[in-house]
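Labels run A, B, C and D following the written order; every chain starts at residue 1.
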Amino acid sequence: MIIVLKREAPPETAQQILDLIASKGLKPLHMPGVERVVLGALGDERVLAELALDSHPMVESLKPILAPYKLVSREMHPHDTVVRFGKTAIGGRGFSVIAGPCAVETRDQMLNTCSAAKKAGAHGIRAGAYKPRTSPYAFQGHGVEGLEILRETGDKLDMPVVTEVMETSDVETVAAYADMLQIGARNMQNFSLLKAVGKCGKPVLLKRGMAARVEDLLLAAEYLLAEGNEQVILCERGIRTFETAMRNTLDLNAIPYIKQKTHLPVLVDPSHGTGIRDLVIPMALAAAACGADGILVEVHENPAVAWSDGAQSLYPEGFERLMEALDPVVKAVGRELR
Amino acid sequence: MIIVLKREAPPETAQQILDLIASKGLKPLHMPGVERVVLGALGDERVLAELALDSHPMVESLKPILAPYKLVSREMHPHDTVVRFGKTAIGGRGFSVIAGPCAVETRDQMLNTCSAAKKAGAHGIRAGAYKPRTSPYAFQGHGVEGLEILRETGDKLDMPVVTEVMETSDVETVAAYADMLQIGARNMQNFSLLKAVGKCGKPVLLKRGMAARVEDLLLAAEYLLAEGNEQVILCERGIRTFETAMRNTLDLNAIPYIKQKTHLPVLVDPSHGTGIRDLVIPMALAAAACGADGILVEVHENPAVAWSDGAQSLYPEGFERLMEALDPVVKAVGRELR
Amino acid sequence: MIIVLKREAPPETAQQILDLIASKGLKPLHMPGVERVVLGALGDERVLAELALDSHPMVESLKPILAPYKLVSREMHPHDTVVRFGKTAIGGRGFSVIAGPCAVETRDQMLNTCSAAKKAGAHGIRAGAYKPRTSPYAFQGHGVEGLEILRETGDKLDMPVVTEVMETSDVETVAAYADMLQIGARNMQNFSLLKAVGKCGKPVLLKRGMAARVEDLLLAAEYLLAEGNEQVILCERGIRTFETAMRNTLDLNAIPYIKQKTHLPVLVDPSHGTGIRDLVIPMALAAAACGADGILVEVHENPAVAWSDGAQSLYPEGFERLMEALDPVVKAVGRELR
Amino acid sequence: MIIVLKREAPPETAQQILDLIASKGLKPLHMPGVERVVLGALGDERVLAELALDSHPMVESLKPILAPYKLVSREMHPHDTVVRFGKTAIGGRGFSVIAGPCAVETRDQMLNTCSAAKKAGAHGIRAGAYKPRTSPYAFQGHGVEGLEILRETGDKLDMPVVTEVMETSDVETVAAYADMLQIGARNMQNFSLLKAVGKCGKPVLLKRGMAARVEDLLLAAEYLLAEGNEQVILCERGIRTFETAMRNTLDLNAIPYIKQKTHLPVLVDPSHGTGIRDLVIPMALAAAACGADGILVEVHENPAVAWSDGAQSLYPEGFERLMEALDPVVKAVGRELR
């Protein structure tokens, strides 16, 4: 940690802070310059958080040297984590495609949509039983009944299923039905939920919040790992920017950056990341090209009558075209669909 | 609702959508132009949500005519709502100041800080017992013990207290101790929590999310009112932008805009809105000048040793200066501190 | 154009605006609803700009039906424009790679860097003689002397060159040396410069501004085409968002969106789009995968001593690896490097 | 400057960089830690820019200790700069109001609008003769003829005038007519224009760009001061964010922050900062409350027929109400309208 003092800081401030640093077992450093005094603390600086040095009225700024996360860091754990998803796995050399409708609507809609997806090559199913909706007047999901239909569909097609959990008290129920639990973008910093899901024993798909920096996402994942769950997948799904032509701005820069910083797999959701059906295929290909471990994509047997997110859902034919287009790109970067 | 069809839309699409509109009891309108066909639906367009017209492959764009919220709208409820807060009230001609530390740390810290705040003129107390923290390694609050200290402090000083609830299963407990429940920025779209708090019978302080448009904030409030709770206060606390000199960008434009659109009171939090102690007083004055109904401000008996948010907390002397500076500005806009 | 009146608008307002619309030769439409009166104007709504209807105190909002640009629109000009660049061309089925250092530093630096780039397969050279720098104390470019070295390098290696022009009075000079003129991100809305460059007779590379929506970029290009220049290439180079881990957020969503809206070719600049050397290759591949017509990439014979942008410049070996990795991805999407 | 090396950096890298630092006359510091080696450079670190240390492949990150600007810094020049504007002055204890239409349209429009503004208490006139417009089909201003009308209006009413210059070759002409030159938001980083205006001998009003951090604005001002012009006023006019309810997000946080960092006066433009007439008065009051030195506000004799920006222009009656509302707020913060 580097600590820059304010120009007007008296000499005793420097000494006082150096003593505090030493008291925490770190090596203090004193670097008096002409215009500012700079202090340093060498060692595991995470223990300095308790000192709240940024609160000190004579401290101008702090620069941490180490990342604030540990368990998710590639420095601590250099090898790629592979996360099980039913009988399949995500991470490593494979590229996984998880497809399905925004929401579980009916038994038929699920079976028709997901069997088409399976036929085209999807590896797993996504669909929501609990739907976070901006308006209280929009369809909020079928709840437990939706979970039942989802599980039934997965079993019938022999495909693993992932679905969102929005509420701590639902974690156990959702975990009983799903192969993987999703924490949605709006709940990325719902820390109570993170702790509960971290303890549930199932793999987790953690979506990046709309205003979350990559570092915030990694710290949210750190909550999950701190509860003992290492089966965590990250997911980029677009951030909120000034651009209004698309629903979100898909931040693909984040993919190679995340792969460098953490050992966890990372997926891309080009459906929410764009909000526009015609952009889903090109952005799925881009995700594969820049190093994502797979995609999460919305498909519906008939998007024109979908109860939610129809504008960004692929038709089954579109999904087939996506899978055909993906294959050569995935191979071009030395991986394979699986 | 105005519906613009794609250039390539065949004539039967227009007829099909007009029939759908009529089937929902709205008046359909057909406006064929040279380059595009435009359709209209006159009436309570919120029922059109079910049609999911944005999913239709031949629809280019939609323009709603009415706001998506109803109960929070000033159109439905022209008079200002006044929200009770213990023996005091927020909204109307008064300007309220709610002050206190970021977190309940100790009995002494609470009593020293809040009695100083009361002496300087604060009307209520804020302090957290459950703290949403970006890092799992940061202080997470004392929980129920913190609630007890908070209540005790409020009773001793005869001041109402507001505190954050982060979790549906804690709503009843927090409601037992606090005069008002706060929903934090990170939980603004935690819809399970909104529903639970909407039912709890206590007034609510709803903070704007870091990536939330004003319309999203109003829709989140609509969740609370839809559960039967009209005692809702909104709070602007800064949004996330590209500017890194401050912790957040305080969006004061939102204050007069919100006052125009809704009957609910709105507070400003200049502490989180800036993240920098020296900016708190000027931004509190600006909040008063542009029409806020009060402020929520962090004070600590000694910010240099605060367990969280010390960098943005006022010293008791700073808070005194704030109250002295506020008084003439509040009067200049025809209101009074109370 | 759809015009929504305020709730309190008197009936005569509607009539007055309908008359104005008719006076401009458009077909007026009257749609009185229960809560709002909605008006329509059918025809070439761009002439309505003169009416400044958004200024009317009784107008609540406007919705244009048509895009505000014409000449750049694919609706007017369905076939892809191919832009000449020296003896090569950009657009169509090819994928072009333009490489070079941020700035022209010395004759040797240029020759060493660009001959390495050519050997690895680059199709053209980029390098700046006039450098827009945030700080007045940073290197501002060699000016005309830099243009001379650039031209000389291009001629020696038989490669076309593109370079930035920052100033109307320099347009003629730069056009005398370069095969294509670049308008930088900071000047995207320098309308005087756009007009001057639009008249200069040379192809233009127009970079997206850091706060520019795609629509703003297309309108800036419209300035160029309105001066009679159709040889225009767009370039995505990252926008400014709250994410601070990278220099910019590369908005690849924009690529397929732009290809849909306009006939002009579009390049991606992964160097400025990330600001981090290690992210350049994956993002270049992503650009190819999502439909870009080529990339603009910074290479330097020795980035560790580059006078500017070294942190995002590839080493010659890195550029070789990029070209090797690009080839299969470009082929996977049915195109070829050329 | 603090330099953090990558974990894998070999010992000789540290030595090599320490030697470079010493070669520039700064004092080098070596701080080897367990996980990273940290280096320091004490002294005037601006000379280190030439070393381009961020380009070094073994450098993980840099932390400057000093601000990158000098001449605009309050550290170098603690007293407030007062800028002359015709016979009046901006800065110090006064609060200035500069009012007028977006564009010079006609002699009558100017005289009617500005005499109403003067009667209500405005201190100076703003109006554009050269208009930067997003669309090439929008009104671009009357040019020199507009300057003539502007000067004539100023002389007739004995009020100083400020107007935008968009082009280096127009600087001399505009300087011949105006008392102050404005550099617009879109040209804030048009460095050629900054240099030309810095040399012209007239006071300058520099508006913040839509994607500019405060530090970028201060560096743009540094360009002006570096050319010998200290008569510079900054202007906050809103930044671009995800919020779409208003045209821009007025960043009032920037006002007290800027006043702390620089000695230059700062104005607020609530017209562009909101884009909505009804928000102009409250935001003008907020600007006064948080420490701005004045406002720049759009007024039009009849906004409903304004050729540009009518939606955000005040009616003369609105401007009167603004001046009446401003007076007590300005006094409440210890200043006076003048």
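Note that in this section a contact is a pair of C-beta atoms (placed from the backbone, for glycine too) under 8 Å apart; a residue touches a chain by one contact, two chains touch by 3 or more.
All of these numbers come straight from a predicted model, not from anything done at the bench.
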{"item": "Farthest chain (mean CA position) relative to chain A", "value": "D"}
{"item": "Contact-richer chain pair (by C-beta pairs counted) among B-C and B-D", "value": "B-D"}
{"item": "Gap in Å, rounded to a whole number, between the CA centres of chain B and chain A", "value": "26"}
{"item": "Intercentroid distance (Cα basis), chain D paired with chain B, Å", "value": "31"}
{"item": "Between chain B and chain C, centroid-to-centroid distance (C-alpha), Å", "value": "39"}
{"item": "Residues of chain C whose C-beta touches two or more other chains", "value": "211, 239-242, 244"}
{"item": "Of all residues in chain A, those that touch chain D in their complex", "value": "2, 4, 7, 27, 29, 31-36, 38, 40, 42-44, 63, 65-66, 75, 240-242, 244"}
{"item": "Residues of chain C touching chain A in the complex", "value": "211, 213-215, 239, 241-246, 249-257, 260, 273-274, 276, 278-279, 282-283, 285-291, 325, 328-329, 331-333"}
{"item": "Footprint of chain C on chain D - complex, ascending", "value": "46, 49-50, 52, 54-57, 68-69, 132-138, 140, 166-169, 186-187, 189-192, 209-211, 216, 219, 222-223, 226, 239-240, 277, 303-311, 313"}
